[in-house]
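You will see subunit A twice below: alongside subunit B first, and alongside subunit C after that.
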Partner chain A sequence: MSARPQFHAGYLWAGRIIMLACLIAVPILYPQKYVVHVLGLAMIFAIAALALQVLLGFAGLLSIGQAAFLGIGAYTSAILTTRYKLPFELAFLAAGLSAGIASLTLVPITRLRGVYLAVATLGFTIIIHLVLLNEEWLTGGSFGILNIPWPSLGPWSLKGETAIYYLCLGVLVVTFVALHRLMPSRFGRALQAIMLEEDAARACGVDLTYYKSQAFVVAAIITGFAGSLFAHHSQYLNPNDFTFWKSIEIVLMVAVGGIGSFAGAVTGAFVVTLLPEFLRAADEYRMVIFGSMLIVFMGLGHRGLAGLFSTFALRVLQRRSLAEHASAHGLTR
Partner chain B sequence: MTALLALDRLTRRFGGITAVDALSMRLEAGEIRGLIGPNGAGKTTTLDLISGLTAPTSGRMELLQTDVTGEPAHRLAGRGIRRTFQNLKLFTELSVLQNVMIGLHAAGTTGVCDAIIATPRQRREEEMMVQESLGALATVGLADQVNRPASALAYGHRRLLEIARAIVARPILLLLDEPAAGLNTSEAETLVITIRRINAQGVTALLVEHHMDVIMAACSRITVLNYGQKLAEGTPGEIRGNDSVIEAYLGRPGLEERISAYA
Partner chain C sequence: MSGSQLLELLVGGLAIGCIYSLIALGFTMIIRATGVLHFAQGELVMLGAMFGVTAHRLLPSLPLAPLLLTGMVFGGLAAVAIELGVYRTLRVRRIPLMNITIATIGMSILLQNTGQLVWGSEPIAYPKLFASTAYSLGPARIAPQLVWIIGMGVVVMLLLQLFLAFTRTGRAMQAAAQRPDTAQLMGINLTRITAYTYAIAGALGGGAGVLLGSLFYASFNMGFLPAIKAFVAATLGGLGSIGGAMFGGIIFGVIETFAAVWISTSYKDAVGMVMLILILLVWPEGLVGLIRKRR
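And now, the complex of A and B:
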């Protein structure tokens, strides 16, 4: 495997700030309820995709179980705010916590490798879906949960699509920054060591089970937060929002966006969430389109849209710096 | 002298094959021990056992008079047993510096929350890890390659990076699995000097190697394995003159005559 293309950090941050500015501007420039709603949803899935990126892109763990944590977070938040009338802030924290605790049940399967691990996480999604569907006393069964309140932050009630849009954006930005700090740390290096050379990681003192489990817990907590936002964003929950198809969609987001890149995961989440909205007419072909995209991107070497973009941008920059170099040379002569 | 490491009838079976067969061996603190033997003699399995990557089937292992039999690799690494790999196991996508910093994993304590909040403790630890890693890279002579990806290094430099990653945490026992494989003569000579320099800093070394000149130049004592068992042990001079060693390496004396008699 070759090293990832490297940018000057300045360019990266400039790009991210432009993206952020665009996201801040959208509800002001296009104050249409529908646009704001769908973009809010895309950001919620971007948070879930960031969480999976920790597992897939940094620890090399393919989880097809992320919808389960999304569902646990969503239902926890919904039940606490509707039935027990708890404030949103508490329910939001509880959503992350409950998803994190649920992920501890996956500790025994962290010993599994590759495909076996993926299949085990798939089983987890199916089980959680069945629980959501059948434990009617808790989850409302196939009727789901209705009238989930808008979120609130302290004295402010975040009513309406625009308010929750900015809440999702805020959580997305915090998650993005947190993960960017996390990956170049002792924890992040340990995960990458496990992904790249398990034996060498062990010989360096990395406890595989502990770090793989911790990666699952971190990813589950973040996904649980995303689930809470999802519940209050749709204001209605149904078990069928959390089938294994949703898990696969989250994997798609990361794969299309680019395995190993956080910006890629966010981009992938936007593409996978928004594309069907643009292709309303061709809705049945949605999965066909994603499938083909996936095959093309995997064929191009698993860096997805982020990989394509960085290769392209690096080439442009290189050409420009060459040109500058040449012209500077010409001037001195 | 007290033994740094004592193996007592350490055995490892893989199915019907006994890779290491009741191996008893004592490493004195401060020595450079050579471990040699024909292909398949169990040298790498011995290193896997000592570093904990493979658990022994039976037998006992003591590190500084503490029973550490069957402890997993990460815990033994924390106790100061570090190793390199014969077929290079670098974290190729990461930079040279990051590779070495992972070697300091057990020396650190910070976790997820420290990193996200960027606590002063976290920043101090990162700074310590960078400094220690730069030191280790200087020891092996890779100080000018720090920010390159490990995959961009020349073969000889990758071998040195493995060593830097193993010594950065100041181990008490360093296991080197064929560090000179694929190196040319001058690179191998530099390697011997590097190993001696590391040893002079108080690191006991166990060196598996096929290059006899490296073994003879670097080691104070040599252990010879054959079919997973200890065949001989002694100074380089004693080993060179040992009949059973010559037999294991070169075959039974007179074998060629007997073969030619049948021809």
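And now, the complex of A and C:
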């Protein structure tokens, strides 16, 4: 980690606040329904990508099972609000809880390493997709669930794309800040130790199984929350939103953004969600271009867009400080 | 269930299992040689099936064996092309394995959509290659197609085993997979061996594509799901072992077929996955690892 270029924390927070300001401004500047809808979706996936970043970037666990937790959260929230008329707040909490409970059944597989964990979680996504598709009494089968209500917060009902956009933004910001505060904690440091050198971490008394499974459950809960937002954002659920392909997409987001960076995970989620929309003009060639760009992104650098950006920004900053340095010397001389 | 039905099911399961084995062997060869989990393997299957259909359109009188060969040749060529054009560049730039693996997902998207542009989005019916009268084995009636698929699959797998065991290139491949550095010191050209590995993996995938197409149909997205299942099968058998890939593929095909009848058609995929998770928990080296340990 020490080899990575480091910024002064002030720059980082300035960058994040500018990003946040842009996101707050979008629905005011472009009150187009479609734009707001797609950006809202990107933010929901950004939450899911943040959760996977905890696993992949900090615990070194490649999970291709995140769509399962997204689906469990989404369906829990949708069923509770449509069938049992529970308020959104409760359904939202229940979504996180149910995804967390589901992940508890998978805790033993966090003992597996690398590709084995990836395949096992992939298998889990396929199982959950089939359950969503076939248990019609519970999930509505392939028809899905219609007319999921808009969310509400206490007395306020958040009707319309703009209101839910800000809700997603709020949850995204809270998740981002919470994970940032979590990483320097004992839990976060234990995960990073595991990632860097598993055997050394074990020798230092880090309980591998405990921390890995904790990370797995935390990620599942956050993804469950994202799932709840997804259900109320699109107001319609279909099992095909939660195939293993969605799991792979979430992995792509983290990889494109940069493994090990939370800001990268958010950026990656935006790129992977928005890029196909931007390429709509290319029509039938758009997925061909998307695939090629993915290969190029992966080939460009080791740490995705976040790595590219920080290398670039550091270079600019360094050049400026060198120039200042030189001119200061020139003056004294 | 009567004995004859059981036999019919078993033959069907073995046929689809042979196809999984061929795809799984491709995965295994690549993961052994480069450590990359090759997500675009399914698209090589698709390309094989598509080139097979195209060959049949150009020369309608071709029987299955030459079609299979066409699929294998073009699958192999496509794999070598992407290895030389893309993956080698990534390796030379010392991109981490994780990134290369994700780049193969990009390759899968790229090939799938190129396939859609070239061959259209409608599934293409495969030509009738076999007599439709079933073979009778006692009271059981078995479609000739299934027998042919099993036969062809077994022949291809046997040839691969012979190639790996007895030819110079095959043994160089085995050596390179076991200890790349030592193999290089012994004068094995790793770059060339990797290209050969992709050629073989592509050929196996392309061949599987023709067989799979003849069983169902050919379409631009036909490869991805069977490839994922084949990869699961390879893990079931024991990832990184040639025997494990063959064994795992066949077992997986049989389990899937029986699960469809005994448990439910809608959950047939889930049964394999549950088994996979359980097996990984108990014996992470897969079935082959288990047998080796007992020995």
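Heads up, the rule we're going with is that the second predicted complex is superposed on the first by the 310 of 333 C-alpha atoms of A that agree within 3 Å, B and C clash if a C-alpha of one lies under 4 Å from a C-alpha of the other, contacts with A are read in each partner's own complex, and residues count from 1 in each chain.
Here is the rule we use: contacts are C-beta pairs under 8 Å (C-beta built on N, C-alpha and C of every residue); 3 or more make two chains touch, one makes a residue touch a chain.
For clarity, every value in this text was computed on a predicted model and none was experimentally measured.
A.B. asks: Touch check for A:126: first (subunit B), second (subunit C), both, or neither?
C.D. replies: Second partner only, subunit C.
A.B. asks: Is A:274 touching anything from subunit B or subunit C once the two structures are fitted on A? First, second, both or neither.
C.D. replies: A:274 contacts neither subunit B nor subunit C.
A.B. asks: Does subunit C touch more residues of subunit A than subunit B does, or is it the other way round?
C.D. replies: In the superposed model, C touches more residues of subunit A.
A.B. asks: For A:197 in the superposed arrangement: first (subunit B), second (subunit C), both or neither?
C.D. replies: Once the two structures are laid over each other on A, A:197 reaches subunit B alone.
A.B. asks: Which of the two partners, first being subunit B and second being subunit C, lies in contact with A:153: first, second, both, or neither?
C.D. replies: In the superposition, A:153 touches no partner, neither subunit B nor subunit C.
A.B. asks: Would you sort A:134 into first (subunit B), second (subunit C), both or neither based on which partner it touches?
C.D. replies: Only subunit C; A:134 stays clear of subunit B.
A.B. asks: What is the contact status of A:206 with respect to subunit B (first) and subunit C (second): first, second, both, or neither?
C.D. replies: First partner only.
A.B. asks: Of the two partner chains, subunit B (first) and subunit C (second), which one does A:97 touch, if any: first, second, both, or neither?
C.D. replies: neither
A.B. asks: Subunit A residues touched by both subunit B and subunit C?
C.D. replies: Shared contact residues on subunit A (touching subunit B in one complex, subunit C in the other): none at all.
A.B. asks: Please name which positions on subunit C make contact with subunit A in the complex.
C.D. replies: 31, 37, 86, 89-90, 93, 95-96, 98-100, 102-103, 105-114, 116-117, 228, 231-232, 235, 239, 264, 266-267, 269-270, 272-274, 276-277, 280-281, 284
A.B. asks: Residues of subunit A touching subunit B in their complex?
C.D. replies: Touch list, subunit A to subunit B: 1-4, 178, 181-182, 185-190, 192-193, 196-197, 199-208, 214, 218.
A.B. asks: List the residues on subunit A that touch subunit C in their complex, please.
C.D. replies: Where subunit A meets subunit C, its residues are 62, 108-109, 111-112, 115-116, 118-120, 122-124, 126-127, 130-131, 133-134, 244, 248, 251-252, 255, 259, 284-285, 287-288, 290-295, 297-299, 302.
A.B. asks: Residue numbers of subunit B touching subunit A in their complex, please.
C.D. replies: Those in contact with subunit A are residues 51-53, 72-75, 77-78, 82-83, 85, 89-94, 98, 101-103, 105-106, 108, 110-112, 114-116, 118, 122, 125-126, 129, 149, 151-152, 165-166, 169.
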